[in-house]
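Across the two complexes that follow, chain A remains constant while its partner is chain B and subsequently chain C.
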Partner chain A sequence: MSGGGPPRKRNFKIEAFKHRVELDPKYAERTWKVLEHAIHEIYNHNASGLSFEELYRSAYNMVLHKYGEKLYDGLQSTMTWRLKEISKSIETAQGGLFLEELNAKWMDHNKALQMIRDILMYMDRTYVPTAHRTPVHELGLNLWRDHIIHSPMIHSRLLDTLLDLIDRERMGEVINRGLMRSITKMLMDLGPAVYQDDFEKPFLEVSASFYSGESQEFIECCDCGNYLKKAERRLNEEMERVSHYLDAGSEAKITSVVEKEMIANHMHRLVDMENSGLVNMLVDDKYEDLGRMYALFRRVPDGLSRIRDVMTSYLRETGKQLVTDPERLKDPVEFVQRLLDEKDKHDKIISVAFGNDKTFQNALNSSFEFFINLNNRSPEFISLYVDDKLRKGLKGATEEDVEVILDKVMMLFRYLQEKDVFEKYYKQHLAKRLLSGKTVSDDAERSMIVKLKTECGYQFTSKLEGMFTDMKTSQDTMQDFYAKKSEELGDGPTLDVHILTTGSWPTQPSPPCNLPTEILTVCEKFRSYYLGTHNGRRLTWQTNMGTADIKATFGKGQKHELNVSTYQMCVLMLFNNADGLTYKDIERDTEIPASDLKRCLQSLACVKGKNVLRKEPMSKDISEDDTFYFNDKFTSKLVKVKIGTVVAQKESEPEKQETRQRVEEDRKPQIEAAIVRIMKSRRVLDHNSIVAEVTKQLQARFLPNPVVIKKRIESLIEREFLERDKVDRKLYRYLA
Partner chain B sequence: MWRMNCYSSGVRERDMGQHVSLFLELLNKSSSVEAIFGAWLKGNGRQNSTSAKRTLAYGYITFVCAIMVVSGNSISVPPSDLGEHLGRLLNGTDVSFNVDGETFHAHRAVLAARSPVFHVGLLGSMAEATMPAITLHDIAPAVFRVMLRFMYTDTLPGDDELGTSPFEMMQHLLAAADRCALDRLKLLCAQRLWDKMSVDTVAATLACAMYSCSELKNKCIDFFAAEKNFKKAVLTDGFLHLGQKFPSIIADLRERVGA
Partner chain C sequence: MVGKGEAPAPRDPEEEEEEDTGGVVKLISAEGFEFVIDKKAAMVSNTLRNMLTSPGGFSETRQGEVRFPEISTHILEKICQYFYWSLHYSSGQETAEFPIEPEITLDLMMAANYLDT
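The block that comes next holds the complex of A and B.
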């Protein structure tokens, strides 16, 4: 910037300050007239010809000389007059042009207001605050609101026009969204109260009745899936409407109207709809429909809990039917597979359609827990399933596949209430697998043990691990035995001994039968070898287990190798010295227990293709009067014939009873130990509390029966671990 | 990170083990740091000293070191030079002002940025927005010059550059700043006027501050009402004019004095 001429800064003189311009009332009036004229010119779109400097100065002078009030009042009445004229022109607009005219005039008013405020800036900054009057801009908006929007001729026509357009758009027509946007923005600029009272509230009411009607129509004619599609579409439409031409604050309000009318009001009817409701969707794996239902119901109170409840009762019903269906129970492996399939199916539904919602996962878990325990053979069956997999099912499977299957089984295991029953059966089945050498992979076995250990702790698996150790040790022992004693043994039968630590194995000991001489010799050699290196131990031959491979030559010289049980071997060896023997002979010579002997003879003489013995008479059952002969005429296509395998099967009724009894027996000391532990720390406790605490402590293994707990308490009182309180019969005291 | 290195038998061969050497080492790999460092021997209860004889206790000696980092790794930044740069702007002017015969050239954008009144006038939709030259009324060229300078540089010149009557200049400037909505300028003027406050000037100052600057007005009234000033101030010519022009002032004063 530059001043005019050379710098003369230091030499100028300034007059004493006084306000230059005097302003008397007549002068003030003239000044006002100038401004009034300017206001009209501005509204007439002639602003460009006006001198800002002059107008600003005029307003400045008026305010400075205390004519602020006159200026303000003049502004107010001029603008009011102007707006009344504008109102008339809007009212006379025809039909569709009404909204456009309103909008156009609003734009004009805004522009004019801006310029008027600019001219009157000094008044706005000084007079307005001190006199506590409404600032110019706000004044302009208020006047517009009062004389245009709230003018009787315009007010209802505006609302009706807006609502009509929205209705038409809902029915599929295309409307001028830009114009709508401008109008709603105008209402918001006039104040949220104006927007809400003069538009939003009626809009929401009208929308509610619109959707109430539409939802009624849809629900009569659509199935659940289609209804939900329509509801979703309407919801999205409304949100889009808001984003295009309504105020953002309306979104939550209109969506809750749609949610209420279309979803909440028909919630039960939708879920329970025949042939297309929730249960049908679950059965048919309709992921998309289920996902939509989840997303929509989530928006309404109790929506998700309704879905959850229906799903839970459906699961419990189906599960209950599954576990009590006698057809299904015939094949335990199939039974468990079916359970796993159901779990997988619903896991997938929850993951794909319900967004992995934890509450649904919990509902699934509690349902499974409920019905799995309805059948008290579930623990046994799950163990049988694992047995099947570890015997043959997982043959050729990769390490990952194995892990996946075992993990799924563990999931079912967790649902079991009677985990101790499972443990018993698992031990039995494992023992059979180990002893018969029929396991698909040692690593898979170990992996399962690790999982059980992680889930239940060390005590659960210590004996199982002991069994593995015994197998390995036996291997090493046999190697050593043959290394040291091979010359001594010469050409005798080959022995392979499994040395089982008593207590680790679930087998029932039984007295040994009479072994053939050849076998006895080599067995004794082994015994003395073993006891030589392991002082102080005792070995007992378990002749109710074990197998033998025998070479047999039949009538026409056919040689076969027979794989038989120990008992069967004892019986067959007798026929080296005799062609025919009676039942009683055999019984006396072998000393095999009667029931076992009968089974043994049945498998040797009465099974087609395996009848190496001939029985007279040729009946199906074994009686004590039967006689047996070596069957010269035995034939088989196979060189190696297997007779009598020890396969794990689901137990017969009496066996089952036996196992259950043993489980109950095992539980008694556990319950007692829990009671003692609790009483030791609490000293005095009432009956109900003891029952509750004991249940809590033992729930990881089984659910104790309160009657049994009571009996155990009584037993402990008898043995003077506890005493009853003399006054209160329900109170117990710990005796140190 | 700092480290004290202590060599109990000195560091140079020629010291022959008769000194203990202490070194302060900076472990960080940063460039340079200025620090003040002091070390002394801890005395046993008495004055700390640099003489070893007085500070040996039970065969032990204690060194105390203090480090004060003076300047770290910061980069120094000079203060704002915006006003300086704008003040030197000579080219690109797009408007000129006619003030009582004198012409001033300026940039619309700069003036519009500094004053809402100029903003509307120069960039709005009325005549001045498209007029190359604008006439300003009711303002003296000298005053306009100072105001214009302020709008570019954000500073006021000292009294020696304000002509023969800096006091009157301030008064005119105050009114002009108020009119053109230059609030900071207004307060700068008020400050200068207040600095020159005396029983002789209070009335005139009050007259100009009446409507333009309420802070100054209130201070003037307080000054007036102060015991030691009142009697003298009341007798000045300025006060007489004040009473005639602004009768309401008397009421304000009365209230303030508590009469």
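The block that comes next holds the complex of A and C.
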């Protein structure tokens, strides 16, 4: 009575029931016969007549009387004999009944084994461990394995039947999955090794050749999308198969077979497939196909990197075409819009189909960075895009829409390597917007500045902010001026002056033109007023930047208000005293620089509907021998006529060169400052390290050219900020 | 443990399901005395458990009675007492030692070995 009982004295030796030992030499033989008979009866489904207690007692006594070995061997040989019989009956089963019979016999054997183990429990408990024999249940399974599964007549037939059924299921037939499940479970019960060696391994081999053939067939006749659909379906089928009637451990193995045969082996061909490969999917926004490709390819080594590589090179290629297409360069706004559209398109693909994969996002970003910087006009164009939006594009848009657009622009901005070039253009464009009063929303302007500030720091935007301040102070100054001097001025022309701090504004020094006397008087009054209130300042007129509203009366007495630039105003005022003037006359009287004059005359005389001047000879272009007349016959439906200057919005080639040069000039002090900052802390550094550090410090603004850095270092040596090391000429020292 | 010599109502074999611990079972000693005990108590013995739950339908399983031609009445009685004591002990209701009279110790041990208890 082990278990819950209180400790009892166990150290005295218990003798066997001596009085029970019948010295009958035939005792063992007789008892075994009883048991042997019982075992046969159990296999014959005849156990109901047997007494468990009697059989148990018989086995118990045999073991007790040292006949354990006889009992065990007897069991083994009896069971072997039975199994050989069973094997014969399974072998004779015809066709489809084979598996049924095998399964039925297996069930029988299992049940019999259970019963035999129960009656021989005492042997299992005492004889088996001491004699190091195999426990009854395991013995039964081993015998089944050796005499049934490994029987030459059954072994290969079983495997073929199983594989055939699976093959038929793959071809669409319905098979008895329950039976399959029982059989595979039997193989597992016999030990994982049996399942693996006798079924799984050949199963995987057959599957590999099946899928190798099928994938070959598919790839010849399907496009990429369809192929992937089929591969996905096959993969799901195999997983379903495992869950229905194979051991769970097979799932990884069979899926890897399918992955290898259907995906990995055809990966390159699929991605590059003509008319339906990855690139076509990207072009046509096939989110579903792309998602499928992503899900399948991520299962195989290098699958995703393959997709990524192809996507990257596609992006770079199309991006490069986009930014270098001379047609595109004609319309900067459209150009940037295209970039944004491309970005949106691929962002969506990555989020919808590629599960927002970080590595894909990085690939997208690096591609954009790559091709945007291929075109050195990108900074200008992005600024022009913002300019366009802030001038008119945002009319009617809500605050949120504005934010969205600006955020997108900032995203492109981030890709730029030459952020200082952008700044330069942005400043120019902002100046034009502010001075011509064309900006639509002050909030949007400020929001953009804030974004630039967060991105690049205070330095980047300080001058831009200075421009806003100037605008505000100018307004106040003008109010004050008119409040104090209105009676003095009488009803001459109204003057609106913007006072621009030198340095904050991208002003090109241009000689002032000759203003009409009426204007000149007011200007002089303002000058004396301003210098009277502010000591020590200097005022210069930027006549190239202003605008004017003038009233004109035409031939039939119709009156129009003309909105023109300051230059145009100067030209038109000349016609108050003369009917016709030659180009030379106008140039002489106004002293407007030739290129500006040509442009302004062109817009006055050559634009249909706005031609307040008449030109002889009639032609599209202005030449120096032209003569201009006041156009009496001018008509317009509008009372207010706005005469734009024919401005090349986009910079012309020489202007571009000039801006470029100014940018280079501006970079010099920045590079020098960076060098000095670095040397001040490091004291001694070699040339390459300086170049690396400077590049790192400045890359938020632009990518400095190593040659330029070298020149700056030389210049600093000349000015005795640095010196070369006496011994190692590559080393520089900082001179405090 | 109740009713020496009392015959229980014949049991329907269909009631005997595997691991069915409800109901009672009759144990019959060498001298023919019958002990009717809860099946739950009989299951304390692994041998009895197998006997009562083996899948094949042995006569014991079907009839709900077990004959022990080699166990005498007083030992079987003691064993039945032990079954109940053990049930209580394992559920924590019993803390006292199980009393064993020295003169039956050996026979009891033999029976315990046989019954795998």
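Just so it is clear, the second predicted complex is superposed on the first by the 565 of 736 C-alpha atoms of A that agree within 3 Å, B and C clash if a C-alpha of one lies under 4 Å from a C-alpha of the other, contacts with A are read in each partner's own complex, and residues count from 1 in each chain.
The rule is short, and it goes like this: a residue touches a chain if its C-beta (ideal position, glycine included) is under 8 Å from a C-beta of that chain, and two chains touch if they have at least 3 such contacts.
Keep in mind it's a predicted model, so treat the numbers as computed, not measured.
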Touched partner set for A:Val639, first chain B, second chain C, both or neither: neither
Touching partner for A:Ala736 - first (chain B), second (chain C), both, neither: neither
Touched partner set for A:Val174, first chain B, second chain C, both or neither: neither
Which of chain B and chain C A:Val727 touches, first, second, both or neither: neither
First, second, both or neither for A:Arg125, with chain B first and chain C second: both
Chain B versus chain C as contact partner of A:Cys221, first or second or both or neither: neither
First (chain B), second (chain C), both or neither touched by A:Met618: neither
Footprint overlap on chain A, where chain B in one structure and chain C in the other make contact: 1-4, 14, 17, 20, 47-53, 56-57, 60, 115, 118, 121-122, 125
Contact set on chain A toward chain C in their complex: 1-6, 8, 14, 17, 20, 42, 47-53, 56-57, 60, 111-112, 114-115, 118-119, 121-122, 125
Of chain B, residues touching chain A in the complex: 89-90, 93, 102-107, 116-117, 120-121, 124-130, 134-138, 140-143, 145, 148-149, 152, 157, 160-161, 163-165, 168-169, 171-172, 175, 179, 181, 204, 207-208, 211
Chain B-touching residues of chain A, taken from the complex the two chains share: 1-4, 9-21, 47-53, 55-57, 60, 64, 115, 118, 121-122, 125-126
Contacting residues of chain C [partner chain A, same complex]: 44, 46-47, 50-51, 54-62, 66-70, 82, 86, 89-90, 97-98, 100, 106, 108-110, 112, 114, 116-117
